[in-house]
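Below: a set of structures, written as structure tokens.
Next come two complexes, and both contain subunit A; in the first it sits with subunit B, in the second with subunit C.
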Partner chain A sequence: MNFKKLLTLSVLISLISLPLLAQSGKITIAGSTTVLPIAQATAEIFMDSHPEINISVRGGGSSVGIASIIAGTADIGDASRHISTKEIAQARENGINPYENIVANDGIAIILNKNNPINDLSLSQLQSIYTGKIQNWKELGGPSLPIVLISRDVSSGTFEVFNSIVLSGAKAAESALMLASNNAVATTVKDTPGAIGYAGLGYVTDAIKAIKVNGVMPAKQTIQSKEYPISRTLHMYTNGAPKGIVKTYIDFILSPEGQALVEEQGFISVD
Partner chain B sequence: MNKFKETSFKSVTYLASLFTIVFLFAIILSIFYEGIPIFKHVSLIKFLTSPSWHPTHFPPDFGILSLIAGSFLVTLGALIISIPLGLGSAIYISELAGPTSKEILKPVIELLASIPSVVYGLFGMAFLSPLLIKIFHVPTGLNIFSASIILGIMVVPIISSMSEDALSTVPKSLREASLALGANKWETIIRVVVPAAKSGIFSSIILGFGRAIGETMVVLMVAGGAAQIPKGLFQPVRPMPAAIAAEMGETVIGSPHFHALYGISIILFTVTFISILITEFIVHRRKK
Partner chain C sequence: MRKILIVALLFVFATGLLLAETKFKMELWNRWTYKLIDGNVKTNEMSLARGYFRLEPKFSENISGRFNLDYFSQEEAIDGAGLKLKYAYLDFKNFIPVKDATLTVGLMKTYFGTIYEWEYPLIEKDPSDLYKFVSSTDYGLGVSGYFPKGYGTYALAVYNGEGYKKTGGAINKDLNYLANLRVTPIVGVTLGGSYMFQSKNDSEIEEDGEMIDNPAREEYNLIAGVGKFAYGPVSVLAQYLNKVKSKPNVDDYEDVTSTVISVMPLFKVNNKIDILGRYDMYDPNTDQDDDGYNIIIAGVNYHIMKDSKNAPKLFVQLNYEMKQYEASDHDDETQILAQLRWIFSETFK
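Showing the complex of A and B:
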């Protein structure tokens, strides 16, 4: 009798859990600290509606994200830059085929102190400023005030994108203050009259001012249309096109609900 | 039974001391193991003497002279501030203060040591730095000067409490002899008590130096982080611990940049190790 009860119970349990089991599992995500808030916010909501799937999210930086895809230690590698040809070759050697999923757009705003009258700079002016060729705001038609360069740390993804678009490979001046976070950059620009800095669009507040680059203001439309020159796409790399639960998760990020979460984190939706 | 208790107590404490030695050697081994590979990419001489630190540029530059300069300059500044303040308060507490002010001052100075370094950093970033811009009209408030002030305040309790210990162990008979010979209180302190305690005072300064050069959070937040050889007191610098802390989180493990950061930690470790050796040597000589 007891045995029969047990049997019915186990049959019942398996009947209920079978459709769930087909989709259960674990997803590991590692990489860019810029993409990290997107991964965290979407994973949290996703796990609420898919309790059988467990997602663990780690930071580490874009290079770490791509390295963990190459090494096969993560299912998704976050990166705020594109994979390099060298990294693709390394992946091929390991039999891995990195696949780029664009999950968000992001613009890097050039920020100045509120009292600075400058409102528009060109990319080449920015390059001259950041390589140390222009050292005073009066050379740009501003007040006579030494320019204080503020940059992000050399290993951050934001630095990498700024470096490739604005500096196009030239070395940044050694007098640049290298700060550890978008927030530290914003705070320092707020407190320093002659400062120029750069940060993700989500960090621009009323206490500082974002300026036009090549005559274009950083905003949702100009970043989506790539009109604003210092914009980038944020990526989640997978091994081959996403399959199974990874596909379910990435589809969720790209759904209207997921993209709303992306915007909530201060980024710009994909389309 | 008593014998058993004694041996087991002895072995437990022996094991505890063994553990710290094991940890120390594990740490030393790991920083050398991860740091030495950088010298396949850059020679030790170039690593130490080139001021160009562009670790993620292509091709990368791994020269840490500007980081070493940053570390030593903020530490020197911190000592210039903390030695007079620390020594002065130690002399006052040990020699001049009445029992009540002694009872208030001692714990208050020790309280200074219990403030977390990130709080010091926040204070420097949010309060001191904007203030410096207003007062001195300097372009940036994150520089050698502000980092030295904050580090100096942090080191005061170390110098003060250790020097005070050294001063109070000077035998009373020495003071009495000096006073009996007609010296006044001031002359007694400067000519007799301080010279008698000089090895203790000196080791407190060396310890303060070690604390300042190894401090990470404050220099990360307040020194500005520019990897340059500074041309003035109000220029930003990037001390060694700040570079390690800021860059380690986002480098790929096993890359040349990763090994270079461990290379910096070898240099930093060597500097603090030498400073501890000097203190030990002084204390040892005093005991003889």
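Showing the complex of A and C:
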């Protein structure tokens, strides 16, 4: 066999063996910190019933999840926003076909410090608050207390959804404190009088207060019906429709058992 | 136009940086070059081949910009160092009523062939840059965007036509016009093309009180055809460039056609190692024999670190490059290049 034939054979073997590697029993998941609890909870239970499959889960943000799918470094890219046209174009050029698997519904709850008497804000009031036009709660019928703006960092899918629905592209005030996780937002709002923040519904606890938006409370029914205005779907992106063990895992998340875990994490099941 | 643009953009950037969320990025290329001609050492040099200092302010969700300084330090540069303004543009999204379209103004990318997206997977330049078809950036105004569902990209632009390096008396007043289209009809298969019209010197000049055809008028028609195939760890990028120079006011002038064919395969062995090759055929005048040359490159990239989005942070590039001239009396050239590239960035709010 001459060198040319050997080289051709090596390349062919590499190409053929590539799909087999995906069946090796390991699933890598990266991306959204919002979707992270769903991935962690479902992976744990799934691995109990499938001990031959190892699932590694890490966060990083929705942009990281989608970038990982485009680069082929993760089997599943978690995202709390939709993939952008730019990202789809990049993926297709790289031979990747991003496929959106909706695994849960979520509402972004507007949260206040528990001592704040405000119970309802409109989307336009929220925009005025986050762009700095309204700076004190007394302008909204509340106590004379400066508003402390808490936001998610710009790389998070939660920020992108909030930015799109509430800010409509307007720039958030410079004074907004940008935090790296839903948990950090909830904790800061809990500890700061006058604070306002936003987080996935699953992060609302008794220690903080979720309020109505446009007169609608974030709840399972209002989110599933899209009545609550700051609603979204949560996604796990794969390269093409899921296959092999990735399909088995995603099917598990979408099963009644998996969706019960989704609800246990504070999110809304896919109806 | 050039001076006004520079002053306006610097002012906007200076004030904007105080107000906007700004990404700061540095990239440095430490290179060793060892070049042989006919067995004799022509170059044995270590240099800072390129450095980028980049600021990307985001004024709002729809307005952002890029300011980029290129610098280099090597023996052949005056005083051993050089500095160029490479990018200074503003992007306006949703400014025109077309979904996913962006209006760009300033010292911006030239959307020709693959030069606007060239990330130097090999140490060598993009073919359009290497064979001096177009400059990688130029002062101008353009609209670019994405087709729905990621089926492709497009760009339309008007440029000064001199690139970012020429100054003073070298500047000509004719504008360049460009159209670029890239489609991905099937996942992993991308096809595209670019057209650019360049010209120099007025069509007519005044002589003895009358307007006459200007024999110094030059026109250039440039075409690029791009094909890319990607499947799993393997990709192949192929490109055809064609440039026709004409003098429409000179009857017996024969057009000069230059062509380039370039093919670049890439194999990602794993997340750390890429193996690459490239084969270029350059013919500066298709009507003449033995005036062109071929370039063959073999290279490997070793990624020491990547960021969370899998973009390179620290990596080593090793290239072997051979230049073979068609003319039998011209010695072939070979060079070995080793380069350490390191990139770091931070976003300030």
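Methods note: the second predicted complex is superposed on the first by the 247 of 271 C-alpha atoms of A that agree within 3 Å, B and C clash if a C-alpha of one lies under 4 Å from a C-alpha of the other, contacts with A are read in each partner's own complex, and residues count from 1 in each chain.
One rule holds in what follows: a contact is a pair of C-beta atoms (placed from the backbone, for glycine too) under 8 Å apart; a residue touches a chain by one contact, two chains touch by 3 or more.
All figures in this text were calculated on a predicted structure; none of them were measured in a lab.
Applying the stated clash criterion after superposition on subunit A shows that subunit B and subunit C collide. Using the contact criterion defined above for the overlaid structures, shared-chain residue A:86 touches subunit C, although it does not reach subunit B. When the two complexes are overlaid on their common chain A, residue A:127 makes contact with neither subunit B nor subunit C. Judged by the touch definition given at the top, the superposed model places A:71 against subunit C, while subunit B stays out of reach.
When the shared chain is aligned, no partner comes close enough to touch A:259: not subunit B, not subunit C.
In the superposed pair of complexes, A:180 makes contact with subunit B only, with no contact to subunit C.
Legend: residue contacts after superposition of the two complexes on their common chain; A:233 is shown touching neither subunit B nor subunit C. Legend: residue contacts after superposition of the two complexes on their common chain; A:156 is shown touching subunit B, with no touch to subunit C.
In the superposition on chain A, A:94 makes contact with subunit C only, not with subunit B.
Judged by the touch definition given at the top, the superposed model places A:60 against both subunit B and subunit C.
After superposition on chain A, the subunit B segment that clashes with subunit C is 37-45; the remaining candidates among 37-45, 163-171 or 199-207 show no clashing C-alpha atoms. When the two complexes are laid over each other on chain A, subunit A has residues 60-61, 63-64, 67, 154, 169, 171, 174, 178 in contact with both subunit B and subunit C.
By the touch rule above, subunit B contacts subunit A in their complex via residues 51-52, 54-58, 66, 125-126, 129-130, 133, 139-142, 220-221, 224-228, 235-236, 238, 245-247, 249-253, 255, 257.
Those residues of subunit A lying in contact with subunit C across their complex are 11, 14-15, 18, 60-61, 63-64, 67-68, 71-73, 85-97, 154, 163, 167, 169-171, 174, 178. Taken together, the subunit C residues at the contact with subunit A in this complex read 19, 21, 59-62, 94, 100, 146-153, 184, 187-188, 190, 228, 230-235, 267, 271, 308-311, 347, 349. Listing the residues of subunit A that touch subunit B in their complex gives 33, 59-64, 67, 145-148, 153-157, 159-160, 169, 171, 174-180, 184, 187-188, 191-195.
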